[in-house]
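Please go over the structures that come below.
The two complexes that follow have subunit A in common; it is paired with subunit B in the first and with subunit C in the second.
And then the complex of A and B:
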């Protein structure tokens, strides 16, 4: 009960500190809302850059083949203001990523949430891209 | 009796929630009293600080969406939820549409038809290439900070290194052959309204994502009316006889932002350093080519 109240407090605080950082492109010109993906794999590379960060994970398919997926995240400023740090993503960490696949059919996705091994689910997407209001973004107005 | 830490947490949350409810109630009551601002040393109304449009997003001037892009609407339509359309930002003409000449209307419609399928370079929004949004679009894309020094108003935008310098001394515009991404601004105060005359816009960026546009002869006159300590009633009249049948006007409400965040500051957002979305958008049909894009980085 204590934790729940504290979490509510944090949620409220997050709402008040909403960051109006809009993406520089339209979501639907690049990603397909009809292709939600859930990807599990080890982090091989992290690019903490503008305008979008990128994380790369090795995903083993049903056929046993390993495909390296590129997942777009929010900008470093947006992630930093949400309390995320580069150190939250050490290479080799096992991540579960939910997002939407690129329209061009490559192993690329727009990441909405990332679940860490300890179970914490973080919103890592871009606010204001026109991305789905799927509740993943705690700052969405 | 000493409060347990649980009780302390609960009462803190409760007080906070009461504060929020109060803010919502107050926010719904229109302010009737006129506002007397403090003034800068050179006599300008002091309006410095962080600001942000209440309805952000630059997807479509005639159908503003908070957050831009169509995906949110597509997802809701998928669930059977119809989106409540917001009023057009365009308040004149009354139909809320850009009053194009026929050739210009055709051009805009062609871009709009390809906004989600940008199969050619020219369909890609320059904003996606991290190019400056120009005037007035940048005001809706990102928050901005107003700084005032004697004889000047500066607008610095939160993203992409864009800014505007607005001298107030009545100097003429730069020569017409000089074209600038963010235009050339000249301002003066009329009471609590900052009037800004903008010319020399290169118009290489669009007015929104769906292809609304002007030429580099466009003339924009903005009025930032600071109606109270926290609110700007913004208007911009846009004039370009090569493109439009008449001048037209947009209006918006802009409010102070980040007031609860002590020492909020802008951090560098260098869009150009890692922009890759445009290549993705151009729908590389060859997967090998797509992989090459990734490896190049």
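And then the complex of A and C:
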């Protein structure tokens, strides 16, 4: 009887050790390095939050249709260290965002840099490629 | 369960939840303490588990080890609970739908029940086996279960970031 209970225990433990395969929360699993995008538009929503921020801009396409894009950024701490401030993002501000499109084809991108109206282009603090001197911009020193 | 979802939505939009979520330093500091206190909580638990499995400190009576480590385990647990609650508070709505988080909570529940059962059964007569060359099977089973559950808790905790 004791042996049976112990065996049952072992079976339960073995079941518990079955670790599901987790999709990576890495840049390369969600975003496509081969689909760089440059998005110009007015800010409609700002999520200045941990662990990742989001900015939403209305982008007018070549066909005249307006699409609201969601761009992932780093955390407030990451953005702060990159020179961005929450005050730089009042609703309606005109932004140019360079990033990489999501693999799922939606209007989502991982932000590499954000160009503010005063001309400053600052890195968006996001994960994976998007870091300075990653080769995407040959003029970077 | 809609009521629970609404609660989570309300919780994360309170001023405290919002303040933590939008913070520059508070969120990363809370998260760091949460990670560090894992060492305190799980570290002390694992020492007792390994003693029960006869893998370390074999010359020491089990109750001597467990008794002296338990206050530190409790301290670790309190820190983990408080920091974990604050992190949850800031992201409650996201956590509601996060499968890794849900599994982690389930494992935490089991990890809490396991020592409870252990303490009220086999551990009650620890003085009869704590210096025995081989620990009773039930004690070893509790130790093995503890190691498995806490490993799972750490893994799912880390995996939270991997689900949106």
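Methods note: the second predicted complex is superposed on the first by the 102 of 141 C-alpha atoms of A that agree within 3 Å, B and C clash if a C-alpha of one lies under 4 Å from a C-alpha of the other, contacts with A are read in each partner's own complex, and residues count from 1 in each chain.
What we mean here is this: a contact is a pair of C-beta atoms (placed from the backbone, for glycine too) under 8 Å apart; a residue touches a chain by one contact, two chains touch by 3 or more.
Keep in mind that what you see is a predicted model, and the values were worked out from it rather than measured.
Trainee: Should A:50 be classified as contacting the first partner (subunit B), the second (subunit C), both, or neither?
Mentor: Both partners.
Trainee: Check whether A:38 is in contact with subunit B, with subunit C, with both or with neither, and answer first, second, both or neither.
Mentor: neither
Trainee: Touch test for A:80: subunit B only (first), subunit C only (second), both, or neither?
Mentor: both
Trainee: Does the superposition put A:60 against subunit B (first), subunit C (second), both, or neither?
Mentor: In the superposition, A:60 touches no partner, neither subunit B nor subunit C.
Trainee: Just subunit B (first), just subunit C (second), both, or neither: which does A:70 touch?
Mentor: Once the two structures are laid over each other on A, A:70 reaches subunit B alone.
Trainee: Could you tell me if A:103 is touching subunit B, subunit C, both of them or neither one (first, second, both, neither)?
Mentor: First partner only.
Trainee: What part of subunit A is shared between its subunit B contacts and its subunit C contacts?
Mentor: Looking at subunit A, the two contact sets intersect at 2, 6, 9, 12, 16-17, 22-25, 49-51, 75, 77, 80.
Trainee: Taking the complex as given, what residues does subunit B use to touch subunit A?
Mentor: Spelled out, the residues of subunit B in touch with subunit A are 6, 9-10, 12-13, 16-17, 20, 52, 56-59, 65-72, 74-76, 78, 115-118, 125, 127-128, 130, 141-143, 158-160, 209, 257, 260-261, 267, 269-278, 280-281, 283-285, 287, 290-291, 294, 297.
Trainee: Can you check the complex and tell me which residues of subunit A touch subunit C?
Mentor: Against subunit C, the touching part of subunit A is residues 2, 6, 9, 12-13, 16-17, 19, 22-25, 48-51, 75-77, 80.
Trainee: How about subunit A: which of its residues touch subunit B in the complex?
Mentor: So the residues of subunit A touching subunit B come out as 1-2, 5-6, 8-9, 12, 16-17, 20-31, 33, 47, 49-52, 54, 70, 72, 75, 77, 80, 102-106, 108, 127-134, 140-141.
Trainee: So in the complex, which bits of subunit C are touching subunit A?
Mentor: Residue positions touching the partner: 20-25, 27-28, 90, 100, 137, 141, 144-145, 148-149, 151-152, 155, 159, 161-163.
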